[in-house]
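The same chain A turns up in both complexes below, where it pairs with chain B and then with chain C.
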Partner chain A sequence: MNRYVAIFLTFARACLVRDMTFRANFILECVTSLGWMSMNLAFYLLVFTFTPEIGKGTGWSKEPFFAFVATGLIINSIVQAFFMPSAEELTEMVRTGGLDAVLVQPLDAQFLLSMHRVDFSALANGLVGVGLLAWAVPRLDQPPPPVAWLLYPILIVCGVAILYGFVIMLAAATILMGRNQSLYDFWFYITNFSRYPAEIYSGPWGGPLRMLCTFVIPILLVVNVPARVIAQPLTGQTWIGVAAAVIAAAASLVASRIVFQRAIAAYRSASS
Partner chain B sequence: MVFLYTRRMHNSDPSAAAAVSDPVIRVEALAKEYRVYDKPEGLAASVRSLFHRTSRVVEAVKGVDLTVGRGEFVALLGPNGAGKTTLLKLLSGIITPSRGTARVLGHVPWERADDFRRRFALVMGQRNQLWWDLPAAESFRLHQEIYRIEPSRFERTRDELVDMLGVRRLILQPVRELSLGERMKLELVAALLHEPEVLFLDEPTIGLDVVAQHTIHEFLRGVQSRRRMTVVLTTHYMKDVAALCERVVVITRGDILYDGSLAEIVDRFTTHKIVTLDLDEVPDQATIERFGFPCECRGPQVIMRIDRNRIAEVLPEILGSAGVRDVSVEDVPLEEIVAELFRSDARDAAASAGAAS
Partner chain C sequence: MSDAVARPAAAFQGLRTWWTMLKISLEERLVYRGDFALGTLMRFLPIVTQVFLWTAVFGATSRADIGGYTRNDIVAYYLLTMVTRAFSSMPGLAGGIARSVRDGSVKKFLVQPVDYVSFLLAARVAHKLVYYAVAVLPFAGVFFLCRGYFPPVPDATTIAAFLASLVLSFLLGFFMEATLGMLGFWFMEVSSIVFGYMLVQYLLSGHMFPIDLLAGVPTGVAGVSLADVVRWLPFEYTAYFSSAVWLGKVRGAELVRSLAIEAAWVVVMAVACRIAWRRGTRRYSAFGG
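So, the complex of A and B:
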């Protein structure tokens, strides 16, 4: 385990050195990312000038909702920084045969392929998320109980694990298909559902969609469960959500492992 | 025209495997098939292929038998698409075979056991394995972590290898700023840092100038003999083979056409030698005809192809001719022998395909 930590730190260090080599690019990436996030926040502020709450009786008034947004920023920035760049590169590695070099190394291929690139600029959004959380939480009607603070980081990890599983399964599809350039687009469509409170999915169309995105593709558990734990009073429903998030995280990791192993076994390698 | 005869030789005879002392690679009936989908031409056909695709099976490697002993330096030769690289990929566990068995260092390669992967290295001349934007020293450090190389051993090996290749000043320079030859030298250093017992080299000198090629030959020869490393090399450059390998395995159409010593390939597949005469002056037609062999004239130089069995008989006669200043007797260039070997195999394939139809 220590060896894997050491290897990850070596990857991270190398990526930081590379980012610092192309400083202007690094700064531009941070600015673009922060700009996009600021526009989103401004949009939410605008929404709250028209309504005190998103969905009547849902509890998602301005401060809890910004805690929700902050949670989403933190989870997404972790995934974007640590897993997404490697998964995106995998498409190119499969197409060009670069994956060959990975498979001959005495290291778990999934680890190497999912963590060898770190995009530090993506962490900028996460830092803003932490700041936003620090702003929103003291302004909540009820401060989160100690158990919520204990659960919150665990559920953040669960959210990251669920998304990681999706990233790996999508990347594994690249290996099976030989080419999958829609990885990032597909990712965007999936995660789009997780950006908003689950309560907005109601009615004849929203209800089934909510069930689908909770139990089949558990994307709604990613942000909703930790955000609800920190921003809203703990109820029986919250605890069901916590259990579901933990189970979904474990299932996502196991499924991603199985899919990845099968994909690697079917790897054809590119012609040289 | 080089006159050759070809015969497919298989080492399926168990005694052949037994003849290799301390085998580190044992391959039996190893085959790899790929299903390839035909991409029809035209828009309408492309749309149809979305719903119904036609495919066929391509046999990249067809039941190969091969045994390589510890410390051997073996060249895999063959035309493009012969199956050389596929065989290397099977032996290094990158791909899984369709049939057959293989053991490398006692392991089934495609099970990808860490203990196996720590004991071999693969260098591909057409692929860059070092971090592109960073100095090679960073990649070496990562390699140390991945292969769990003790710090003192790592530094000793790295220093030894970079000094042998004369690349010490390059290891702190970003890889993207290096020439192809410099990059390949650093790729070799990275591959050898963990002191592998088996080294697979896939066209390591492709695109390199003669100086870089020579340096790499010297380096590989030195490291291989010192460490008694087993090396399997694929190449299209006969200079690589002549400089490094005692054993040659010729692969065509996924099968082994010849497996034997480099000296034997020359003996077996050539019927004549090349005799070059340097004359005092440009010969006239009568002089040329007097030699009695087909000749090619380049000014005062005459190049003749003479039956190997007749060399001893005719050489004194030729040397006795007036105006001969110098003579050299050489084997047919290896490139020519191997090229003809490939061509004759392709002719055999076409003939058997014609007979079948």
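So, the complex of A and C:
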């Protein structure tokens, strides 16, 4: 384990050195990423000029909702920084046979393929998320109890683990299919569902969609559970959500590991 | 006399070249038709979240409308912007032009009797034709399922104005992005500029929300709202305008005036694109094979 930590730190250091070599580009990437996020925040601010809350009686008024958005920013920035850059390279590696070089290394292939690149500029959004959380939480009607602060980082890790499982399964699909650009688009579109509180998915279409995105593809647990713990009063339903998030995180990691191993076993090299 | 004969022949030759470029691009695009259809369906997914978001917003407020839009109007608006964006969005155009400058492949257009901008336009028309051919089914399916959100079909004049605005939005989107790509003659890498443009475009075109919602946002200048400022820019014609026309938000003299402004923006951007191409190729230099 220590060996893997040391290797990961070496990867991270190399990526940081490369980012700092092209500092202007790094700053530009941070700025563009922050620009996108600022636009979304401006949109939410605009929405709250028309309504006191998102969904009647849901409790997602301005401050809790911004705590929700902050949680999403933190989780997504971790995934975007540590896992997505490597996964995005995989399509090209499968197509060119570069994957072969990874498979002959005396290291776990999943570790190498999912963590060899770190995009530090993606962490800029996460830092803004922390700042937004620091702004929103003191303005909540009820301050979060100590147990909420204890659970929050654990649930952030669970959210990251669920998304990491999705990334690995998409990577496995890439290995099996050779090319799956649409599936990566699918990743973007499906994670879009996690950007809003689960309560908005109600009614004859929303109810089944909420069930689907909670129990089949547990994307709604990723942000909703930690955000609810920190921004809403703890109720029995919150605890069910906490249990579901922990189970979903474990299941996501295990399932993705199995799928990935099978994909590697079925892999046929593209190189000569 | 010989001039009179030569002119139609040259025009015919030009049309044939254009038709050949269109055919090549059509064949290229049809290779990926499955990916196209899947991609088109998936592009509706963010609208699903927007539908639920705005339903929740309207559920929590006592207002019957927001910025003149009822909940159904908002949903219909988002769906209609998908149609407008299908005309005005030009994925990969600016980046492709900049890349051709960077890797030198643009130089073949400097020595061949083929105009680069016309070639790009023909390729883009082909891309769009294939896209519409493949996307018509997913679009029809989604619009049929969501028919309840739409107001009654507008009169023939409004439909004609809507179609004209779509064609103009295609041309405006093309020339705006092509001009942006021409910046590659001055800056080797334009990806950050393109990303910045996309951000501004997404916000100010009305793709993110109807521009009318900005009518209450002050700018610091008395009597001038943020919506007024946005209306002085060309972006709204690449998403908002066509949707607003269909929904009857722009009518009568205002509709005619807006269409004229849109056409004027097309001319301005086409001229800007030509100037950028002329000046860019003048300073361009390539070495080796």
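As a convention for this text, the second predicted complex is superposed on the first by the 269 of 272 C-alpha atoms of A that agree within 3 Å, B and C clash if a C-alpha of one lies under 4 Å from a C-alpha of the other, contacts with A are read in each partner's own complex, and residues count from 1 in each chain.
FYI, contacts are C-beta pairs under 8 Å (C-beta built on N, C-alpha and C of every residue); 3 or more make two chains touch, one makes a residue touch a chain.
This one's a predicted model, so the numbers in the text were calculated from it and none came from an experiment.
A.B. asks: Which of the two partners, first being chain B and second being chain C, lies in contact with A:51: first, second, both, or neither?
C.D. replies: second
A.B. asks: Could you look at A:150 and tell me whether it touches chain B, chain C, both or neither (first, second, both, neither)?
C.D. replies: neither
A.B. asks: Taking the superposition as given, does A:267 touch the first partner, chain B, the second, chain C, both, or neither?
C.D. replies: After superposing on A, A:267 lies in contact with chain B but is clear of chain C.
A.B. asks: In this superposition, which partner touches a larger number of chain A residues, chain B or chain C?
C.D. replies: C
A.B. asks: Using the touch definition from the top, say if A:98 reaches chain B (first), chain C (second), both or neither.
C.D. replies: first
A.B. asks: In the overlay, answer first, second, both or neither for which of chain B and chain C A:203 touches.
C.D. replies: Second partner only.
A.B. asks: Just checking: does A:11 make contact with chain B only, chain C only, both, or neither of them? Give me first, second, both or neither.
C.D. replies: first
A.B. asks: Give one of first, second, both or neither to describe whether A:21 is in contact with chain B, with chain C, with both, or with none.
C.D. replies: first
A.B. asks: Which residues form the common part of the chain A surface touched by chain B and by chain C?
C.D. replies: none
A.B. asks: Per the contact definition, I'd like the list of chain A residues that touch chain C in the complex.
C.D. replies: Per the stated touch rule, the residues are 25, 28-29, 32, 35-36, 39, 42-43, 46-47, 49-58, 181-182, 185-186, 189-190, 192-193, 195-196, 199-203, 206, 209.
A.B. asks: Quick check on the complex: what are the chain B residues that touch chain A?
C.D. replies: Residue positions touching the partner: 34, 85, 89, 92-96, 112, 114-115, 117-118, 120-122, 124, 126-127, 129, 131, 133-134, 138, 141-142, 145-148, 174, 202-203.
A.B. asks: Can you list the residues on chain A that touch chain B in the complex?
C.D. replies: Residues in contact with chain B: 3, 6-7, 10-11, 14, 17-18, 21-22, 96-98, 100-101, 103-107, 109, 265, 267-269, 271-272.
A.B. asks: Along chain C, where are the residues that touch chain A in the complex?
C.D. replies: 35, 38-39, 42-43, 45-46, 48-49, 52-53, 55-61, 63, 66-67, 192, 195-196, 199, 202-203, 208-209, 213-214, 216-217
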